[in-house]
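In what comes next, chain A is part of two complexes: it sits with chain B in the first one and with chain C in the second one.
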Partner chain A sequence: MLVHSRTGKWTAWALFALLFVPLFALPLLVIVAASFSTHWSGAFPSGPTTAHYTAAVRGESLQALTTSLVTAVTASLVALTIGTWAALASAAMGKRGRRILDALFMLPVAVPSVVVGLAVLVAFSQPPLLLNGTRWIVILAHTVLVTAFAHQSVSAAIRRLDPMYEQAAASLGARPSYVLLRVKLPLLLPSLNAAAGLCFALSMGELSATMMLYPPDWLPLPVLIFTSTDRGSLFTGSALAVVLMTATLLALLAVSRIRTRASFR
Partner chain B sequence: MNSGIRFDGVSVAYGGTTVLDGLDLTVEPGEVMALLGPSGSGKTTALRAVAGFVRPASGRVFIGGQDVTALPPYRRGIGMVVQQYALFPHLRVDANVAFGLKARKAPKAEIPARVAEALEMTGMAAYARRYPRELSGGQQQRVAIARALAIRPRVLLLDEPLSALDAQLRSGMLAELARLHRELPDVSILYVTHDQVEALTLADRIAVMDKARLQDCGTPQDLYRRPRTEFTASFVGNANLLPVTVGADGVAFAGAELKVPTDGVAAGASATLCVRPHLVGLGEGPNALRGRITEVQWRGSTHRLYVEVGGHRVKADVRELRETPALGTEVTLHFAPEDAVLLGAGVADG
Partner chain C sequence: MASAVRLAAPAATDQEPGPSPRTSRSIPAWVWALPPVAVLALVFLYPLALVVQESLAPGAYADVFASASFRDALVTTVWLAVASTAGCLVLGFALALVIAFVPFPGGKAVAKFIDVFLSFPSFLITLALLFLYGTVGMANGVWTDVTGDATGPFQFLTTPWGVLLAEITYFTPFVMRPLLAAFSQLETAQLEVASSLGARPLRIIRQVILPEALPALAAGGSLVLVMCLNEFGIVLFTGAKGVTTLPMLVYSKAILESDYAAACVVAVVNVALSVGLYVLYRGVSRRAGA
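Moving on, here comes the complex of A and B:
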């Protein structure tokens, strides 16, 4: 730590708590509190109940959670494949090609996601590629949105990868495809894993583009949370939000466990 | 199988800068050739041209008589060991050693025996199930050598293999490398180093490189006793280089007449006299040089004296003196006529 004196340390912690608690912790705690309540009058929620959770894990809500999970897993895997492929390709390119490719893949981050949603909607509402009204348009939009992050983090990892491993493998007689499968990808595994976690978390929480695209039979959990709070069911929405949060956290925890196993250095 | 390496006018340039300039060099089958030079001399580039990691702008590279200039690295049949070991961190020692065999699709049944053989040869058999991160630097380097040898390469490229090890380990590994070469007499070895001790100890011949060019090439004894250029004389063995004027049966240096073999250099010409510091003695003798001590370094078994003689600094390594001489003391140095080598025209102040 940079602060050495005792009072200095206490001050730093106090400042941290002052910023962290109201900005990050309190709003989440309020959601958790609300999810266990029937009404809220005055400063604190009241009427403790678990009824919202009973509703949140069955029927339409359970359906929405599954939808979110399937969307996030599919979008993350596709994004990871495309992003890694592009990152490997751009590493092999000249300076100029690399810059152009990297800029192209960063586009979905620079463009507001609601614009990406609209673009996907307009582009795929006409034959020959008519995806509007199917689940695929949601998955596609999510993929477009998260590929940028996958590409970004895998690119960074490839730049950090020492070329001597690749050269050592080549000198031992390994063809480029063998080097990729047996040396590069295993060494990139921790980064691929982190990228997958990031993509998954982003997709689980995506709302603005999804709102423009979702068909009635493919309703992800964030949309359900939005519509229930919009209808005034704040407490049901809170319970759903806690379910979403927990599911995402659990998935990220599982992913990070794989990561510790995969990091060799 | 023919295993030599031949450079035929190999030049390499990076973005307009020539880093290797027309290298002509042949490494005979079974020979250990050291590429010795300071950093930036082009020695590593030459090695990388054999490995296939740099493409020559002009010239050809041959391995075992076959032109490999256009071949990708994985088809060249070389073993390579680099300074940082480059062991695959995600594979255990035995899998690292087996990597080349699997990549080359060696018969599955043969692989375990050949891995064991390579690990046995480098004394690492007991560590087969370890990960590289669980080994010391010296052990990792042994595994790297085992990995390179397991594929039974025609040529072995060693790029500063001992630079990352401490001094004691280094001399042990030098002896190991010499033993390995005796066990594998058919393998040609190209050994890149900036350390003259490694080159002198291990090499059958040394190619001295500087400023992207080959300066000199010969056996270690040859280069050490009869250097042909000032660069070789100073880089290999850190010689005294004294600017002299050639006379009838000797040379003139700082007003003194020195008897040395002039080997046909014309009288009256300017030349450089090369004398090894350890062949310079303290006290009266033939070829006496009188001067004043400007610096003394105690090196354990020897004293290194820096003596100013007529405006030039002469280095002398003498057996440890009972009493360290004071700076400014007037002393006389001498050397035997046959211990001096006259280098051709061109004067530079050593």
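Moving on, here comes the complex of A and C:
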């Protein structure tokens, strides 16, 4: 449309491929390739092996994966509950109240994750709430970090919601709780699913706050990837990274399937 | 966390009589906002206030501001963030232009791939760059194979340039997404008219597309700027002692040196920078309608 000549089109596409392939496609391919090899001293990896994967689904690595999954699921569910509640409450408030509430819940996005980690560490290493050294401090920090994203996407969905539905239900005599449970929440279900997927993916890959907080017995997968690459085991790290990416993608895929089923309602 | 769970658990059950015109007559709407705000205050605002309080320890600010490592980190953080943002804007604009206006088979798949790319953690990029441009990586391997030299010429990974490359790679999709959304709303007839009146592609980009894309560029750019200022994983995985940014300094002061007062001072500076910029971003993106 922009370029009509044949050569012009091909030049644009060649330029696109030249930028896109080495910058975006190659990094992911390289990690997958490295995870299946034992050496990389030339142009290409050598020594094909699946040993990194057999190690990745055992012992410490398997424990890190379940740690990450449990953390991500717990943090996403709690964040989704708090974020949705706040979004529903702010939608019912006046313009000023809504702006204050939205700003409060958006704040964790702007604050660096490392600082969120530091703040949680400082606050919960002292009485009355002593959580330092337990798994709860990691889950708490993840919840704080993803709540903002849950709130953001749910409140965007509430703004797009047609008020006719709830008005119609209310005019037919439905109680407010009935309107919320049977009209509003079902209409919001696709957005809630999308928000859950987003929260899960963010929590699975969270490293910054986790590095400040993790206790020795609650080691999420990103931390394990860091410690193994830091030790020099780049190939083990790649295999773990592929496991992390696959787990995230599978969860996102499952969530998007629920979404398509929900949109039939 | 136990308390957060306890506070959050009733959320599922208490949510039923949610906000509505009818309850607002008996219970004002702001009462419904109290429980989530209370949770947020306990797990986020109170800890943040403690950080500010801790940073006010006598002499902490003077000590940190006087140290060379802090000033270096501040300068490195800001120039890396500004340079990465500029790189992301140029690259994102160019790539989005091709996807939107020079369509090719598979363009939809590329746009999907970008969405997926966004859901991966940033440190994977640095890990990949180690295999691509590391001392024994692909690029150096090709070089030594071809020329027979003992070492390759690509030794930039542990310098700020390696961090810059990783940040541009990781954050460019964050610019492309709003741009693609803006481009899909652009009236293509405008382009056809401009083209039929004899405007060449570069002129169409400058005079028709760029003005339409400016709000999306501003919104995407300021978001990326904030995220670059806050980026930690990329710098940590680079493992370079020469590259210290503010988040890295917070981590090393708090965890490696156990100097919490200094860590809190650096944290306050970093938060002031990022939140200031984020307020700007919200203003810009609200005007852009994004």
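By definition in this document, the second predicted complex is superposed on the first by the 247 of 265 C-alpha atoms of A that agree within 3 Å, B and C clash if a C-alpha of one lies under 4 Å from a C-alpha of the other, contacts with A are read in each partner's own complex, and residues count from 1 in each chain.
Please note the rule applied: a residue touches a chain if its C-beta (ideal position, glycine included) is under 8 Å from a C-beta of that chain, and two chains touch if they have at least 3 such contacts.
Keep in mind that this is a model prediction, so the values were computed, not measured.
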Room on chain A for both chain B and chain C (clash or fit): fit
Chain B versus chain C as contact partner of A:D230, first or second or both or neither: second
First (chain B), second (chain C), both or neither touched by A:L249: second
Chain B versus chain C as contact partner of A:V183, first or second or both or neither: first
Partner chain(s) touched by A:A170 [first = chain B, second = chain C, both, neither]: both
Inter-chain angle, chain B to chain C through the CA centre of chain A, in degrees rounded to a multiple of 10: 90
Touched partner set for A:L62, first chain B, second chain C, both or neither: neither
In the superposition, chain B vs chain C on chain A residues touched: C
CA minimum distance (chain B, chain C), superposed complexes, angstrom: 5
Those residues of chain A which chain B touches in one complex and chain C touches in the other: 170, 175-176
Chain A-facing residues of chain C, complex: 1-5, 8, 11-12, 15-24, 29-30, 32-33, 35-37, 39-40, 43-48, 50-51, 54, 91, 94-95, 97-99, 101-104, 110, 113-114, 116-117, 119-125, 127-132, 136-138, 141-142, 144-145, 168-169, 172-173, 188, 191-192, 195, 201, 204-205, 226, 229-230, 232-233, 236-237, 239, 246-247, 250-251, 254-255, 260, 263-264, 267, 270-271, 274-275, 277-279, 282
Chain C contact footprint on chain A (complex, rising order): 1-4, 8-9, 12-13, 15-16, 19-20, 23-28, 30-31, 33-34, 40-45, 78, 81-86, 88-94, 97, 101, 104-116, 118-124, 129, 131, 134, 136-137, 139-140, 143-144, 147, 166, 170, 175-177, 179-181, 184, 198, 201-202, 204-208, 211-212, 222, 225-226, 229-230, 234, 237-238, 241, 244-245, 248-249, 252
Complex contacts: residues of chain B adjacent to chain A: 51-53, 72-80, 82, 84, 86, 88-90, 99-100, 103-104, 131, 133, 147-148, 151, 157
Residue ranges of chain A in contact with chain B within the complex: 162, 164-165, 167-176, 178, 182-183, 186-187, 189, 264-265
